[in-house]
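We call the chains A, B, C and D, going by the order they appear; numbering starts again at 1 in every chain.
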Amino acid sequence: MADMVHTAHSPALVHQFETKEQQHDAGSLGMWVFLATEIMFFGGVFMSYIVYRALHLEAFIQGSHFLDVTFGATNTAVLICSSLTMALAINAAQTGKSKSTIITFLGLTMLLGAAFLFIKFAFEWTHDWTEGLVPGLHFTYSGPHAPGVELFFCFYFFMTGLHALHMVIGLGILATLTVMAYRGRFNSDYYAPLEVSGLYWHFVDIVWIFLFPLLYLIGGRYGGGH
Amino acid sequence: MISAEIARIFLDGGGRSLASALAPIPIRPPAASTIAEGVDKLHFTLTGITLFFTVIIFSTIFFFMIKYRRQSEDEVPPEIEKNVPLEILWTGIPTLICVVLFFWSASLYIQNARPPDASTEIFVVGKQWMWHLQHPEGVREINELHVPVGVPIKLTMTSEDVIHDFYVPAFRVKKDVLPGRYSSLWFQATKTGTYHIFCGQYCGAEHAQMIGWVYVMEPSDYAAWLSGGASHESMAQAGERLFTQLGCVTCHVTDNTGRGPSLVGLYGKAEKLRSGETRLVDEALIRQAIVFPNSVILPNYPPVMPTFQGQINEEQVLQLIAYVKSLGMQERTGK
Amino acid sequence: MSTAVADVHEVPVGSHVNYLNASYGIKSWLFTTDHKRIALLYLASITFMFFIGGTAAVLMRIHLIEPQGALVQPETYNKLFSIHGIVMVFFFLVPSIPATLGNFLVPMMIGARDLAFPKLNLLSWYVYIVGAIFTLYAIISGGVDTGWTFYTPFSSLYSQTHVIATALGVFITGFSSILTGLNFIVTIHKMRAPGMTWFRLPLFIWAMYATSVIFILGTPVVAIAMFLVGLERLLHVGIFDPAVGGDPLLFQHLFWFYSHPAVYIMILPAMGVISELVTCFAKKRIFGYSIVAFSSMAIAVISFLVWGHHMFVTGQSVYAGLIFSVLSFLVAIPSAIKVFNWTSTLYKGSISYEAPMLYALGFIGLFTMGGLTGLFLASLATDVHLSGTYFIVAHFHYIMVGGAVMGYLGGIHFWWPKITGRLYPDAWARFAALVVFVGFNLTFFPQFMLGYLGMPRRYAVYPEEFQVLNVMSSAGASILGVGYLIPLIYLIWSMRYGPAAGPNPWGARGLEWETPSPPPTENFEEIPVVTEEAYNYTGARQTLG
Amino acid sequence: MSEHIVPVKNYVAVFLSLLFLTGLTTKVAFIDLGQTAIGKTHVIDWNTVAALVIAVVKMLLVVLFFMHVKYSPGLTRLVIAAGFFWLAIMIALTLSDELARGWTGTPQPWSLLLPIFHPYL
């Protein structure tokens, strides 16, 4: 009786699970629990930001006026498109589309992710560097609320840096998925890695959805604040 | 080599300490402030509760261990699942005890947190590994604090570097001393004598040396001690000298004709700032105005005040505050 | 790793194929995905770290024999208590029971072949080792003097020691406990044997589940706190620097948000072990099973609401102080309920006194004292006097050493026959338990008195009048040190020479005792079906499955 | 329980609404929605409230549709809820200290039973 159970294992089922469905559920539950840790990981930084924003509101509004809203908005749109293409990639695998459709959607997602990083690094960060707004390394701003603005940019670089790091990890995961898709590992019966990585990617998108208003739009951008 | 060293210490240290072990082991710190009795009463009640429950648990366990020790291997104990009323009982009683303890300790804490209004104020600056204490009359002390008995004393404290903690076990008072902020504690000594001052928050290499003494004296001796020292200019006078020396007087003209607001009668009032917030003008706000001037601007004044951060140390900031306070007492003129 | 693991692989008595002799060689250990072998890897590494922390403690106690300090310079003493704190908390106590007994037993107790993500489990051990290497590098090359609390602005601006390396070590090791917690939560949810409903789970599993919830939701926040301190030192950027408008108390909030639940990470697994020991050696079902299970979960949740009592005297607002004081009183209730339930489990039982039971009874007594002294620190008025003194040191050592380490030793002695297939000499084990109990009380009870007298903690030199109590404490520490060495000797001895232990030497209930000891690599030939409640010592023993 | 297959047109609908909301939040930021002060010290800034509400709506869209939480078992929702609840605990209790630190008005002992008033409200 014992070995009959073993032979029923399809190749994709690892030995400690009894059924494929159990393995699939465990995989997605594992990712969701990991996302809960990520919520608390980013949560620690968001809380510090909220506390300092409450303590130095004037300086933070002054600081956020240095950021270019159009770049922020385009980045948000880029990430939302990448979420769409990621969802479509999973949908393609679920409905048993051809390997090439999966790969094209994954490629599109990676392209959009790279575009986001390009806009972030090439335009925004270098722009901030030339303006001397990088605390610790090159901070030459000495206008009103200088210390508060430096604190704001500490948080700006730290939060967007942490988010960018998660984007880079996401791109790495997407690359491995593309290789697996190229080897034809995914079909309508087995697509768990795709789905789990999709959860991670959408989470990174959500983090940016909150980062954009908190960093770029505090207190409104009409005129010089109050 | 190291083991020989340790052995020597053990034998030598042990020998001397055995002699001192015969001396009575200290049980209770001196209680020399108005709140010490109240805190000690709460402390002994808590000790009583702890000993009561510990004795109950230990004796029940020992009783069960002896009475129900395993007689034979195949002994089958009865099936006792649960007993809900008992569970409710030993959830309710601890909760009740906790509620009573909370209200008792919270009301004690709130009474101790608020200094009586007529208390004399002494300024304390914690610096890495020493305490600077300044009396309003101008006397300065290091690691020593002379106070009259029976007079409520309020300590306004700040730190020049890391977090320290002003702790006088005999008065049962302790408060962290934070850089960039004023924290205050108060006590009213009831017994004359000398009591320890400790630094209660780890602050670096000489943390253990950052200690001192509080000398509680009769009011007459205190007055003699106060005047006995060299004739000092009071903190307010030192503040005034600094006020002119740093050029503050050019903007903050008393009859309100300068670029900055007149500081007469300003202390203790609630002022609406340019950022829309209303803040009470206290030591913290004055210090913030000196160090971060742009965040404390009155509505109809230009934000042109330069920051003095780094140019003056914490003692000088305290002197300026003492001066502004002395201005606060006079009636507001002009405007 | 240390020799303790290497010489285990020769064939123990009972030569059926088991997880120890399934394969040999260093590669079979360093690349294993078997949860039982990873548990042994963890056992070896945390024992090694325990003795590093222990040496620092012994040196401190020797130094404190004399008021002017008997052994080292103040700077070195600061490094000693920092190393003792960091190594003991982050590298021994937090992973102790979850990573060793938890890894070994969680799959076996719920009737699974392995954890949900075996490769992730091995990764968590490697992450722990990398973190340990960073911290050991920091210790060897000069140590760190910020204490295990890393309070800013001292840690970020003024300390001249290896703070970044240690903060990085703690940051990395945090992820090891996150991965372990994640593995346990998914395994307990998704891989229970048929018939193993939530209320048939052994209470050790409930404790592991509650601990994993704290792992998952608390550890990332301390990772961020350590990252911020490291960043501030690296870039001289003023997130916590008051000169730039930063707030040093914000670091304390971030730090204590994890570090108070962390003390429940240390005690909850020990509570789970005690529930197993008390029921087995009293041969009786636990008194109030669901109440004890829910109190574990209640502790896991409420422990996140109380961290402010570490900051009553730091100038925290009076209102926040009141809120945290109420919640800190509340968190004591579930622990009290557990103690009452364990004690009433002994009622009308048939109690035998092997070594694990001695550790369990010692745990209940000492944990009661530790928990009740916590009330002194939850109540605002007395905390003002006692905060920062040796009363705090005594309180948390009663919980961590009297509680968590006693529970850990009890668990190791209870499951040792299952892990190694061999019995240890019981007489020596009972003697060691008594020595540990006596040495512990002599070390830490005087510190309660020192705390009330007002002796601050972390002092390299202290006033004369405290010397007597300090000498008593140092004497106790030497006895405690010896007490901890004895089990190391006879347990290693028993690996080679101990008599063979049958599948169930204590007559205990639970799926892990249904397997031969040491168990085969896949735990069960086929997954058992559970038909009865946990701890069914009294009912007729139905054959399983 | 194979994963519920979401028709592609749902994805596109969610995608478009997300883009619309992004545009909305950017546009709204350039309009001054004004502030209302509660008491003398705290000010509610409607622009920030609007930005956060829109961000939460966008998050819900992504979570429910792109991440299939709408069709997943209760356990997944429990994990998400736990994550955000713990985050809320951390933020609320820390702010209860950071913001209330300035309130120098310490209540009298008898007032402990009354709701703790703030002298300037």
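To be clear about the criterion, a residue touches a chain if its C-beta (ideal position, glycine included) is under 8 Å from a C-beta of that chain, and two chains touch if they have at least 3 such contacts.
This is a predicted model, so every value here is computed, not measured.
In terms of Cα centroid distance from the overall Cα mean, chain C ranks first. Across the two interfaces under comparison, B-C and A-D, the one joined by more C-beta contacts turns out to be B-C. Chain B and chain C have centres, each the mean of its CA atoms, that are 34 Å apart. With centres set at the average Cα position, the gap from chain A to chain D is 19 Å. Spacing of chain C relative to chain D, judged by their CA centroids, is 36 angstrom.
Multi-chain contact residues of chain B, defined as those touching 2 or more other chains: 106, 110, 113, 276, 292. Multi-chain contact residues of chain D (touching two or more other chains) are listed as 35, 75, 82-83, 86, 90, 94, 98, 102, 106-107. Of all residues in chain C, those touching 2 or more other chains are 189, 217, 221, 243, 245, 247, 249-250, 257, 315, 318, 322, listed in ascending order. Looking at the complex, you find that chain A touches chain B at residues 56-59, 144-145, 147-148, 226.
Residues of chain C that touch chain D in their complex: 189, 213, 217, 221, 247, 249-250, 253, 257, 304-305, 307-308, 311, 315-320, 322-324.
By the touch criterion stated above, chain B contacts chain A in their complex at residues 275-276, 292, 294-295, 303. The residues of chain A lying in touch with chain D in their complex are 21, 24-25, 28-29, 32-33, 35-36, 39-40, 43-44, 46-47, 50-51, 54-55, 69, 72-73, 76-77, 80-81, 83-84, 86-88, 91, 94-95, 195, 198-199, 202-203, 205-206, 209-210, 212-214, 216-223, 226. Residue ranges on chain D touching chain C, taken from their complex, read 75, 82-83, 86, 89-90, 93-94, 96-98, 100-103, 106-107, 116.
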